[in-house]
């Protein structure tokens, strides 16, 4: 299988069905943790593709694209933290500061490693944030 | 009500529940029309907020933020068109080229007007694209 | 005095000596709150220039440039929060999360208003962060 | 010859005379396929330089710069497609949608390979678009 | 004539034939003053459209788009100055430093005014640089 | 020591105290050579970290991050050259054009090599510019 084919196959695999939201009932509004989640899935996919390949140039691309995607994860999370969440949310969910801090740190760590469990941890932390986010929307 | 309060109120209104996907069963993968959809909702919200306000500085901000958000809509749609869709999808859905062309043109038109129906039409066109997108995922 | 002259004069005023660091002994390293501080000074200067002018086009520029500068403030602060500060710093300075949250929220508020006291508050909050930052460097 | 010298030599080679427009009579207006063409030449030059070198760090740079340049090609082409071309142009040149789709896909493929013929194909496709563009300008 | 129509008409006017290069024989290479020239034409067009309109929102857009385009002019000129021109060019054309300094300053001034003669001066200065550029290519 | 540990250690080393300004008395205004200086320190740190490592993926990251940081150095220097310095400064300091040209060329050269002396030379040239800058502020 050629390199191009391998990439296309990998992209197909990335697109395989996974749930974006912990629950499906009310994905709403202009703020949406889905934005960070999508980029985090991309980060993890870059790690997986990197590890499944032994083509050096392809690995270089996986590493640099992962770098950009992880930056986008951080950006979307920071926006959510600063712009969406308000003092009353913090009162109800005092763990929010720590959660966002950890999740953005995980995005930074995911740049430095191709360990897919770091990518998965990042996704899990975003899902935890998303859970609280949708809670506040009820 | 002060200007700041009005903005915060407006932001709250923007965040009111609306469905992101035409159907909820399988929001999946790294490509997701939700990215364009979210920015399009933001475009329409900028039009609404602009029209609901008579504060000149606030209107300036609504116009320039709408400009950026409409650019993001275009970008996400273009990526979807070029990167996600493949010849076999075009064969099954020959209207795709025209659909993307119209939708990205609507994003451009939404920059030039505060007519909320243009923002709504943009959202509707993205929903039509999303319908086909999820069709190809089955 | 022509508009151009007025702008140049205003820029000169902006450049008037003010201390960047709360203390001068150890400005060091690649992380430096001076990056956020400089952009925050620019935010406040945009507010001042906006208020000192009655030229409509000039005010439009002041508002949109302020928007960008406030985004840079947020970005530099977020990077500092997530990338520089570590668990041991949080233990010694448990107020850090709240401080960063408030300061980035002030940057957002400074976009929405030309009240110069909001720009000043943003600078003061960054100085408070800088104080802790240099504390951790000792 | 040192690495730096090699790069400078390569840059000189890149700058060797080639025609930007299929015809020279009317390069005009703010829309101009030359913007996409210049970046596509840069993409092909990155492939050539990558292949002519065996310095690992240099190759890494060629790959990541190619990535950015190919993104710019896509961006300029998308803008042309959505913003410049109008329904009457499509009527006269019904192949336009397909042409732009193929060309932007070639830009994406050029990221994934250092096969210089892909870079050349990208340039050829842009030249074909440019031919139609200048046709519409007559 | 509606606002949208007016914009489209204005865009058509912008696209009216003008020569991109001072001479047509050798538009070549990856460095090309045409990149700065195209953006400068856009800057001047924004000034013209601004002055021809009395629609307030449209003028806001003209001012902010001009701001971005002028930044692109500066960027393309700076790249040319630092990256393309070499010591031997400076020896043959000792006015280059001053020319680039003036031209990038004109781009800055064009942000601050809608005086179309400033936009034209910017274009003229780029043409002067382009003349030298193509001289060095012979 | 694991790769992550090595990176964190390296980051700590980067943050070691060094003076940002040639003199400490008047760090002032919205223009400040510190912005270019900080990014140049980051460029040199990337070279050092690259050379201290034998982890291939880490080196790829060091090279691409250095590329971005060197771009920021150039940008901040160009802004200073075009936007801050005025004809009277040039009269008093006629070497300014050449200094900025050399320093931005050094930033370009620092992209192409991991020779730490190039990173150091870049820092030294910025310090020379900073010396003149603060001179003009007196």
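Should a chain be cited, it is by its letter among A, B, C, D, E and F, assigned in written order, with residues numbered from 1 in that chain.
The rule is short, and it goes like this: a residue touches a chain if its C-beta (ideal position, glycine included) is under 8 Å from a C-beta of that chain, and two chains touch if they have at least 3 such contacts.
Keep in mind that what you see is a predicted model, and the values were worked out from it rather than measured.
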If you take the chains that touch chain B and keep only those that also touch chain D, what is left?
A, E
Using only the C-alpha atoms, find the rotation that maps chain B onto chain E and quote its angle between 0 and 180 degrees, to the nearest 5.
120
Scan A-F, A-B or B-D for the interface that duplicates C-E, counting it as a duplicate when over half of the contact pairs agree by residue number.
A-F
Starting from the Cα centroid of chain E, hunt down the chain whose centroid lies farthest away.
A
Per mean C-alpha coordinates, the chain lying farthest from chain C is D
Return the distance between the CA-based centres of chain C and chain F, expressed in whole Å.
21
Can you give the whole-Å distance between the Cα centres of chain E and chain F?
29
Counting only Cα atoms for the centres, state how far chain B is from chain F in Å.
40
Mark out which residues of chain E touch at least two other chains, giving numbers and ranges.
60, 64
Chains as vertices, touching pairs as edges: which of line, ring, star, complete or other describes this one?
other
Every touching pair of chains is listed here as A-B, A-C, A-D, A-F, B-C, B-D, B-E, C-E, C-F, D-E, D-F, E-F
Can you name the residues of chain E that touch chain B in the complex?
3-4, 7, 57-58, 60-61, 64-65
Which positions of chain C touch chain F when the two form their complex?
11, 14-21, 24, 26-32, 34-35, 38, 41-42, 45, 84, 137
Seen from chain A, its contact residues with chain F in the complex are 59-60, 63-64, 67, 109, 111-114
For the chain A and chain C complex, residues of the former touching the latter
74, 78, 81-83, 97-98, 101, 104-105, 108
